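One chain, chain A, appears in both complexes that follow, with chain B as partner in the first and chain C in the second.
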Partner chain A sequence: MALVQQPAGPAASTAAVPPVPPAPAGRRRRRVPAARQGRENLTAYLMIAPMVILLSIFVAWPLAYSVYLSTFKISFYQEPEFVGLDFYGYVLESAGFWHSIVVGLYYALLTVPTIMALSLLLATFIKSLSKRAAAFMKTTVYLPAVMSTVVTSVLFVFMYQDEGVANWLLGLLSQGPVNWLNDPHLALPAIAIPGIWLGFGISTLIMLAGLLDIPDSYYEQAQIDGAGWFTQLRHITIPLLKNVLLYLFVTGFTLAIQMLDLPLIMTGGGPVEATNTPNLYIFDSFRDLTPYATSFSLTAALLLFAVIGAISMVVFRLVRSDKAVDG
Partner chain B sequence: MPARLPRQVASGVLMVLITVSILFPVAWMAIAGFKGRTEVLRSPFQFFPDMWRFDNYAKILQDPQFARAMVVTFVGALLFTVLSLTVNSLAAYAFARLEFRGKRFWWVYCITPMFIPTMAIMLTSFVVVSKLNMLNTLAVLIIPGAASGAQMFFLRQFYLGFPIAVEEAALIDGASRWQIFTRLFLAQSGAPFVVMGIASYLAYWNAYVWPILTITDPNLTQIMQFLGNFRSDRGNQWELLMAGSTLASLPTIILLLIFQRFIVNGVRISGIK
Partner chain C sequence: MRKGYRTWIAASSAVLAASLALTGCGSGGEQKTADGRTVVTFWQQKFEDYQQAWFKKQVDTFNTNQTKIKVDLQVVPADTWPQKLKAAQAAGKAPDIATTNYGNIPAAVANGELAELDGLLPTEAFDDIKDNVRSFVTINGKHYAYPMLVEPSTVLYYRTDLAEAAGLDPAKPPASWAELDTWAAKLTQGKVKGMTIASAAPDLGWSSWGLQYNACGHLPVADDWSKSVATEPCFERLLGLYKGLYQGGYMPKQPKVGYADGTPYGQGEVAMMAGGSWVVGQLKNEFPKMIEKTAVAPFPSVDGDPSRTTATLGGWTLTVDAKSKAKQDAAEFVAWLLAGEPAIMADFFKASGFSKYTVRTSVDEALASNADASADPFMKIISERVVPNGKAEPAYPWDISLAFGTAIESAMKGGSDAPAALRKADAAINDVIKKQSLAGTAPTR
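Let's look at the complex of A and B:
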């Protein structure tokens, strides 16, 4: 995961919206002669054409096609049959769909707050370091973020083996070896650990940038008043980082609920569906060859992600307008 | 100041502890690549191998599938990076600096995809690329993801910050918009191009789900696809898998080390506060 989430799959970024400084959005109409305006129109169209064409083919068309197909009953053996919004009903009545949402929410609950707390602690620590030490720590903290999910998954499966590192560490605490990925109660937490490891780097850097914007005088004043570390955290840091925290919470949540690669590689959704996240559920039902699975999975994807897309759009607007006010 | 020294020692110790625990999984992976087959999951646990073997690394490098996957993925990632920087920076310049009919509409059209989660369109994207006969070509990995609303947005923010006076002077001197874009804007785009280029490179290099959907030709197998399939294809040869994973992570780690200043500052460039 880099600064801007950009899956090299079908276009469209995920919900990780890059937070951006306020931009003068107003038009700067310059008075230009008609001939030049015409040429300028042409230049502009040529410049945006590659982008517009690619997005039309690989985002707009697939999206429209999803909506269209979700209203048909598709089976290999029969002509597609128009069923209107029936599949939306089937998805909402499906136990598997709701179970996957519960799994997704549980995964988000395990990862997002942990990442945020960890990032805040690390950022506070890095802020207290000298310039050179801080530069070193920033690179260290960011390293897991450039690792691939596949490598991370494989690596953690290796560490969770019966004779692996994880069980050796448990052994030091004289606890018996645990079957991490085959125990329905442990599997999701065991997947959350690499999830946290992959995700905390970027949020630490974002929090650090936020911390550096808080004037030192606030803390100096607090120290004179005798406020301890925790009081400073509660009354200065957290309130002043409110926007950053909100941003990280929502982007973290929307990314977490879309987790696919880790459970796909580490457990394939098992044991007994304990790690079947919404994306994995949809992905598997698409690959499933039972009749109507295609329409079902398309409908489920649309339903779930209309909500997530709407959430990230609202937050994006909030963050931007906020910036415009205090920027 | 006498109080300073203990504090420095304490933060030094903390730094070492944090660094070790963050980097432990990566180090563990690299070291496992040096172990023998029976040593790699031996109990009692042992951190370092009895004897450092280089033959796992040599063996995986000589595996024609692995070597090919590394090369094919590298080439694909470079093409993807160049294409996405080109497409997105052109549009970013037009939206930042030009006035044209329908600008508002096209702006919303290009920016909305940012809010469409991948999975919502991935399944029908698969149908679309198969209708376009793109399955099992490098094009299916490079072209569909190249246009990115988020990248375009980021570059546009950067271009909006350019002084407008220089551009107007160039226009009066008779420079065309294309000349201004290539000679003035691109020449100044180093830092954002590094940040965005790395984002593209990483996204391509680390991609897994899209390649497993669209590529079945063994000649085009992508590196993460290779590693993901390794256990089912070749059984639990952990020492080879760990050596391969280490080698497959090297390009991204090297990128991070070379450009760490840009990446870390990228958080500031992108305006997160």
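Let's look at the complex of A and C:
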């Protein structure tokens, strides 16, 4: 049952575009005068100049300069010592760095799919509500997004205490107390819960916006054809939300793997490095006052940038984004 | 096309010039007040509240009586200190004077961060420093810091009333690790745990130094820093001590505060506490009712031998930045505050509730006439039975201490058994030694 026109692949796209007839021999396109073209170019350059300049100053130049600095053992008091790519080797050999990447990936795995699934369910539910109830729900689900991460961390630390709410609830079931933040196996999932709570509000609203863009006629047609909720989800909602889902997945993933605040405040990276996310690992390396630590943390940050970039590229390759198809 | 190319060249040059202007480091100039006094910046790491009040009072007094120097005191929280200091150093704006702990002095000297104080302070100022502390601030015979105090990192605090109630004799506190375990078990009653001690790697990294000496007679690194010795079996006993207390349920599994904070003991949540001598000051200031029910003792020793080290002597100094443009003025303030009139530092130790210990002979003499100091039972025990066996904090990079702290934490929380945890620490320490080229660089003091 093809309910929705499937997006065309690259080959189909090429075939679908009407071929441009070749210019008849001897007939030339009217030439734009060089002076006018130059003015137009200059206008275009001027319009993009502010962004190019800002990006150059705040992104390109610092990045290039960081790569240059990473080839030195940096000292603020002595002549920096050129060491070539030594620090890249040190970081790549470091068990701590790779462990932190694994922790970051695990945290992303715990939070991103959960946030997306919760958001999809909630957005679908809100869409089905009356205007007034939907407005109330939208405000409610967005509230966690405006909470400070620091405040949330502290609140959850209290909730996870031996005498906290989490253990009190377990006590009602004659279970616990559980050592939430000091057990190497539980600490990261325990931190992921406030992470999910903080993240699902904004995802729900974005997903709701995407859902509202899907014409109701598709669902009406599907219902006439006898499609149930799950079939509609599979064949209408998810394909038409593909770009929204891809956006939420990639941004959610890059934010999750770079999580710093929650483990910094709630566990300090422990117990036994179980919550030592990449940024926390780099931050702690930087806090060490030796010249070695300065260069090491800089190089580790550059390599983290490369790792996140590479993973994002793989995601984009696996899930191609398409233009919206609205029938 | 050529014009477009030229436009791009011009635009790129402008961007590069703007970037260079923005990222260029400006070196800090010598600042003067409106009345011509030299401004000396002083960063004080945030300690107990009474210390902030004391530093402010002294700086105000100094500034009031000065015509050529004005000290600008800034209090910096401990958790932001390293990144703030590093950022300031990178920008050439490091403070002229900073609080520096003993352990950080050798690395800072090796990196050229500290000004040599010989010549900036009078010779007699250094003669006044006690012999056992002089080496803490000396590298290759030169002084790079002026010491302020020492404070043993590990002392045993215990509730006499709860000990009696549990059938234990408060006059005979535990002397060995085995006895400590027994006391902790007997004192764990209801919601009150028998003991609290560090349980997170960053706290264990430094608070266990004294007990590392106690277990093996040395730290887990060879004296010349050439290799790790963390896998020596004696360290397994140390990991066993922590593991027994944690897994036996005798200590809080989710402590609300770090090792340095004695609040759980002050609030009656635990019956015994391993803590630094500074906790005496906290108890006197914040939990005065707990004082009469508290006794202190040297932390138990692995085999009960009271002469073995149980604590490192940590503490703070004032250092002058090597790039300071007002070194002499900065040194003048340091000399006035720490090496000048003994009454100034005697006032500090009084404010601390005698929870910290002087490093100067003349201040000792000034305190001898102070009835409160000589009558303080905590001070007597700590100064007579803990400090004499104390050792200096290690000077090697923090990564080594953290690796060993992680091993203890891993054994406590069931991540690995003691030998496996120590093997992992051993590998991590050897990695630090190799990458930071530490072999043979142990400082000569």
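Just so it is clear, the second predicted complex is superposed on the first by the 232 of 327 C-alpha atoms of A that agree within 3 Å, B and C clash if a C-alpha of one lies under 4 Å from a C-alpha of the other, contacts with A are read in each partner's own complex, and residues count from 1 in each chain.
We adopt the following convention: a residue touches a chain if its C-beta (ideal position, glycine included) is under 8 Å from a C-beta of that chain, and two chains touch if they have at least 3 such contacts.
Since the structure is predicted, the reported quantities are computational estimates derived from the model, not experimental observations.
In the superposition on chain A, no contact is made by A:R132 with either chain B or chain C. In the superposition on chain A, contact is made by A:L181 with chain C only, not with chain B. Once the two structures are superposed, chain B and chain C can be ranked by residues of chain A touched, with B on top. Once the two complexes are laid over each other on the shared chain, residue contacts for A:Q161 go to chain B and to chain C alike. By the document's definition of touching, of the two partners only chain B reaches A:L298; chain C does not. Of the two partner chains, chain B and chain C are each touched by A:P62.
In the superposed model, A:D288 makes contact with chain C only, not with chain B. Legend: residue contacts after superposition of the two complexes on their common chain; A:G270 is shown touching chain C, with no touch to chain B.
In the superposition on chain A, the residues of chain A contacted by chain B and by chain C overlap at 41, 45, 52, 57, 61-62, 65, 161-162, 283, 286, 294. Residues of chain B that touch chain A in their complex: 11, 14-15, 18-19, 22-23, 25-26, 28-29, 32, 41-45, 80, 84, 86-88, 90-91, 93-95, 98-101, 103, 106, 109-110, 113-128, 132, 141, 143-154, 156-157, 160, 176-178, 181, 195-196, 198-200, 202-210, 224, 227-228, 230-231, 238, 241-242, 245, 248-249, 252-253, 255-257, 260-261, 263-264, 266-268, 270-273. For chain A in complex with chain B, the residues that touch the partner chain are 1-21, 23-24, 27-30, 32, 37, 40-41, 43-45, 47-48, 50-52, 54-55, 57-59, 61-63, 65-66, 69, 122, 125, 128-129, 133, 135-144, 146-159, 161-165, 168, 171, 197, 202, 205-206, 208-210, 213, 243-244, 247, 254, 258, 260-261, 264-265, 279, 282-283, 286, 294, 297-298, 301-302, 304-306, 308-310, 312-313, 316, 323.
The residues of chain A lying in touch with chain C in their complex are 38, 41-42, 45, 49, 52-53, 56-57, 61-62, 65, 75-78, 90, 93-95, 160-162, 179-184, 268, 270-273, 283, 286-294.
Chain contact summary for the complex, chain C toward chain A: residues 3-4, 7, 11, 14-16, 18-19, 22-23, 82-83, 85-86, 89-90, 92, 94, 104, 107-108, 111-113, 199-202, 252-254, 256, 322-323, 397-399, 406, 409-410, 413-415, 428, 431, 435-436.
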